[in-house]
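Structures are listed in the sections that come next.
What follows is subunit A paired twice: with subunit B in the first complex and subunit C in the second.
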Partner chain A sequence: MIKAILYKEWIKMRALLPVAAVAVLGFTVYALLRVERAVDFRGAAHVWQIMIDKETVFIEPLRLLPALAGIAAALVQFIPEMSQRRLKLTLHLPFPQRGMILVMAAAGLGALAVLFAAQAAMVWGYMHRLLAPELTARAMMTAVPWWAAGLTLYMLTAWICLEPTWRRRVLYLLMTAGVARMFFLSDVPRAYDGMLPWMAALWLFSLLLPLLSVDRFKQGCQD
Partner chain B sequence: MGDSVIVCRNLTHYYGERLIYKDLSFEVPRGRILGLLGKNGTGKTTAINILSGYLRPRAGECRIFGERSEAISPATRARIALLIEGHVQYSYMTIAQIERFYSRFYPRWNRDAYYGLMELLKVAPRQRISRMSCGQRSQVALGLILAQDAELLVLDDFSMGLDPGYRRLFVEYLRDYARNGAKTVFLTSHIIQDMEKLVDDCIVMDYGRILVQMPVRELLGSFARYTFTTGAAELPPIEGAFHPGVMNGRAELFSFAPQRQVEQALGGAGIVFDGLVRESLNLEDAFIGLTGKY
Partner chain C sequence: MIRFLKTGTALLAALLLAWLLPWLFSFVTAEPAWRPFTLYSCVVHSFASLDHGDDGSVVGRDMRGNTYTESQFDSILPMFYYRQLAAEGRFPSQIEGVPVTVRDAERSGFIFRTSPSDVNRPAVGIYQILESMPARVDFDAPSDVFRITESGIEFVDMETNTTDEAKSRLFTEVMRRKGFRFPARMVAGNPTPKKEYDNGCLVVDAAGALYHMKQMRGRPFFRAVPLPDGFSVGRIFVTEYPDRRHLAFLTDTAGHFYAMRADDYSLHEVAVGSFDPTTESMMIIGDMFYWTVNIESGGAERLVAVDARDYSVVEVRESPAEPSRWERAARFAFPFELSFTSVDDAFVRPRVAAFSPSALWAGAVLAALYLLLRRRSLRGGVWRAAGIVLLGIYLFIPLLLLEPRR
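And then the complex of A and B:
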């Protein structure tokens, strides 16, 4: 049954995934080529110096991509469920209802995790040849909140989509916008290091939110 | 409670301030085909939403196979085939994909029943459901319902969007399928002629209440239209009569009472009448007789 649920999610996501992969990985290649050009013109030592003096990691243009990918994945997965209240079909299937939602979410989170891992591998693969380990770690740690934002905004978007009333959707949207802002408050490298455990806790909490929307759907809440 | 698959007790529900039901109770016996009839807005779909666990009533409860409808276990859901109003399905899938998807959930999945009905559609297995006509989409949804080989079928407005030929075919197919497999069916439809050919029992609902619940044969055997001529411009309330009315000197009323009793009731109400005639009804006429013509 889990295989069948994943199959349905694959059908919904399969048009998005290549687009998301091209966008995320394409922009990553672009960002890394910019670093490569700086190395070509001014040498690696100059890049190191810029990274330290100007508090940059050169991959800042990528910061919003994981968040956008997470939002897009949730939209393509969960809007079809709420269109014509199709969620009734899904919840009627002989599978635990909360488990169903979590398996659906796992499909989206899994796809995002693969995408973000590919992006991380590209960044690390390029930078560790060029930079000191500390500087590579600095770039990677700077990007971790961006990936966390992607995974968290995926769950929050699912929460909004599955909510059965527009009034609450607007409220949840405002709350989600506040949470999203939190992930992008600082451009300083590793500014979020101390917050990473809290981000992990927030993501774990966000796993429960779509279940809340489904409970409201089952109660028959409507505008 | 006996051997009832569905038992609803004292359902009370409001949408905002608007009362839908108060203390509504009904049962669906095992192995019977029961049709829920009612005008638009009388709460047929609301009843199905409560039954399928997608609406919590203000008061009362429904049980299906003994389980509370808002907490039906997965094992019990496997015994219930649910057709949602509008024949909603996963329209982003193709005929083949949706069969492959559903078949994994139902141990008694009958692939041949599904593809047997799909052959009538004359569409390619790789055609996406969203690109089909409304009627074709309905047929896909019904094919999926029958393939589940469930013990209980809950069908909300099953005939919507079907052309007359397919509707007739489906009614006959469903009747044989239900009787041969000892299935219990609870359904609604706007097309009452279909119900007459299909259902064993009917519940006729009016706003907020059930008017009758009985076998269709018993209803059609006992409920009749009485017509007569009268000089009265309008009829007063008459005991045991539904929707009495007069048009151009010709009066009409509906009643479960035999002719002699109607004669007595008319006399008792002080109505001068002549040429009282009793007419048997089909289900649609009986429905209109019970609920009125708006």
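And then the complex of A and C:
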């Protein structure tokens, strides 16, 4: 049954995933090419100096991509479930209801994780040859909150989509907007180091939130 | 599970409101805060500040109640307004009996600034050191960086990302010979080429001892800096001002502030009162006669006039922080404030501040209102009511919006 659920999720996501992969990895290549051009024109020492003096990591153009990918993945996965109340049928399949939702979410999270891992590998692979480990770590750690935003906003968007009433959706949307803002409060490299455990806790909590929406759906809540 | 999720959702909403409502309140009610520019006058021997009169004209005042026109104000601060006075041919030939020239004013004047947001930033972990004796007049930007690990100092060429083994070995050997204990606990310097001369770096070793390191014609200059017994370095600010009198300003971990002379590494306490660079900002406007030290923290200001010749304190003025009427009102509305950023540092992390027991009353009223609106008995809604008393409006709003009417 898990295989069938995953196949269903693949059908829903198969149009999005290549687009998301091209967008995320394409922008990553673009950001790294910008660094490479700076190296060609001004030398590698210039890139080091800018990173040390100007508090930049050169991959800032990528900051919103994981969040957008997370939101898009949740939309393509969970909006079809709510249109014409198809979720009702899904929940009647011979599989534990909560497990069903978690497997669906795991499919999306897994796809996003692969995408973000590929992006991280590209950034690290390029930077570790060019820069000192301290500067590479600085760039990678700066990007961790962006990837965390992608995974968390995926779950929160699923939470909103699965909610059966519009009044609650608006409330959840406002909360999600507040949470999303938390991930983008500072451009300073490694500013979020102390925030990562809290982000992890928030993400763990967000993993369960779609179950709340599904519970309300099962209770028959509607506008 | 569902009860846990409902409670968690309400608490998440409460935390978001604890962050956003105080921010919104202070954003809407923000008022400009302004303090007049103040310096210690070597002529009238009092703090003097520049303010604006009711008609918008510039008015100078000293702390003895005298007022000055803009031109007179220039005259009582000749070491600061020396260019204006020199242009008008009014620069004095002597001050406090000491012959002075415009050149003296130019050379001895300096402005030192540090703020918590400068100090509390994520460190890179690699440092740079200039060539102190460049072949040409101007400094070149460093071509390498260094790190000080447990095994020694390691120079890495930035262009090739490779370790300069010979240079690393040379510096490590000299440092070991001088008694340096690896790794470094702190490295301070100004590796910018845009300066007149280079004082190099001050480095604190693993044992807390202080060393002066420079690079001269590619070779290490490394010298132990004697510190008083029990002295524990807090922060170091290497200075490179035109008069070349000082090597650095530094603090100890007990909050004392010191000036270190460049000629003999002697340490002179500047008794400005307790100073913590991680929470307080400091500005020193100095000349060869007096320094005006301005220490600010949380809206409070401490002005200290220091005799530059012997570092003795001449005059102190303190202005406590005065909360605005809106800040006072916020204490009754918000039981606490949650924020993730601060003007005092560059980190993002949750910080809870401004606890206000006064807001418990508002919380109690809101709790009663909640029980009334949701038609709950005190027994049935005791936990929610207690939560609202403690978290006030932050929990009141989510419970009203997220809980179905009964």
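Here is the rule we use: the second predicted complex is superposed on the first by the 223 of 223 C-alpha atoms of A that agree within 3 Å, B and C clash if a C-alpha of one lies under 4 Å from a C-alpha of the other, contacts with A are read in each partner's own complex, and residues count from 1 in each chain.
Methods note: a residue touches a chain if its C-beta (ideal position, glycine included) is under 8 Å from a C-beta of that chain, and two chains touch if they have at least 3 such contacts.
None of these values were measured; they are calculated from a predicted model.
On the superposed subunit A, the two partners subunit B and subunit C both fit, without a clash. Seen from the CA centre of subunit A, the centres of subunit B and subunit C span an angle of about 140°, rounded to a multiple of 10. Looking at the shared chain after the overlay, A:Asp193 reaches subunit C, while subunit B stays out of its contact range. Once the two complexes are overlaid on the shared chain, A:Val35 sits clear of subunit B and of subunit C alike. Once chain A of one complex is fitted onto chain A of the other, the partner contacts of A:Leu211 are limited to subunit C, with no touch recorded for subunit B. In the superposition on chain A, A:Leu65 makes contact with neither subunit B nor subunit C. In the superposition on chain A, A:Ala149 contacts neither subunit B nor subunit C. Once both structures are fitted on chain A, no C-alpha atom of subunit B lies closer than 12 Å to one of subunit C. In the superposition on chain A, no subunit A position is in contact with subunit B in one complex as well as with subunit C in the other.
Residues of subunit B touching subunit A in their complex: 49, 52-56, 70, 74-75, 77-78, 80, 82, 84, 86, 88-90, 92-93, 97, 100-102, 104-106.
Considering their complex, residues 1, 3-4, 7-8, 11-12, 80, 84-86, 88-89, 91-96, 217-220 of subunit A touch subunit B.
Of all residues in subunit A, those touching subunit C in their complex are 43-45, 48-49, 51-52, 55, 98, 129-132, 134-135, 138, 168, 171, 175, 178-179, 182, 185-186, 188-195, 198, 205, 208-209, 211-212, 215.
Put simply, subunit C touches subunit A in their complex at residues 1-2, 4-6, 8-9, 12-13, 16, 19-20, 121-122, 124-126, 128, 141, 143, 145, 147, 156, 158-161, 340-341, 346-350, 401-402.
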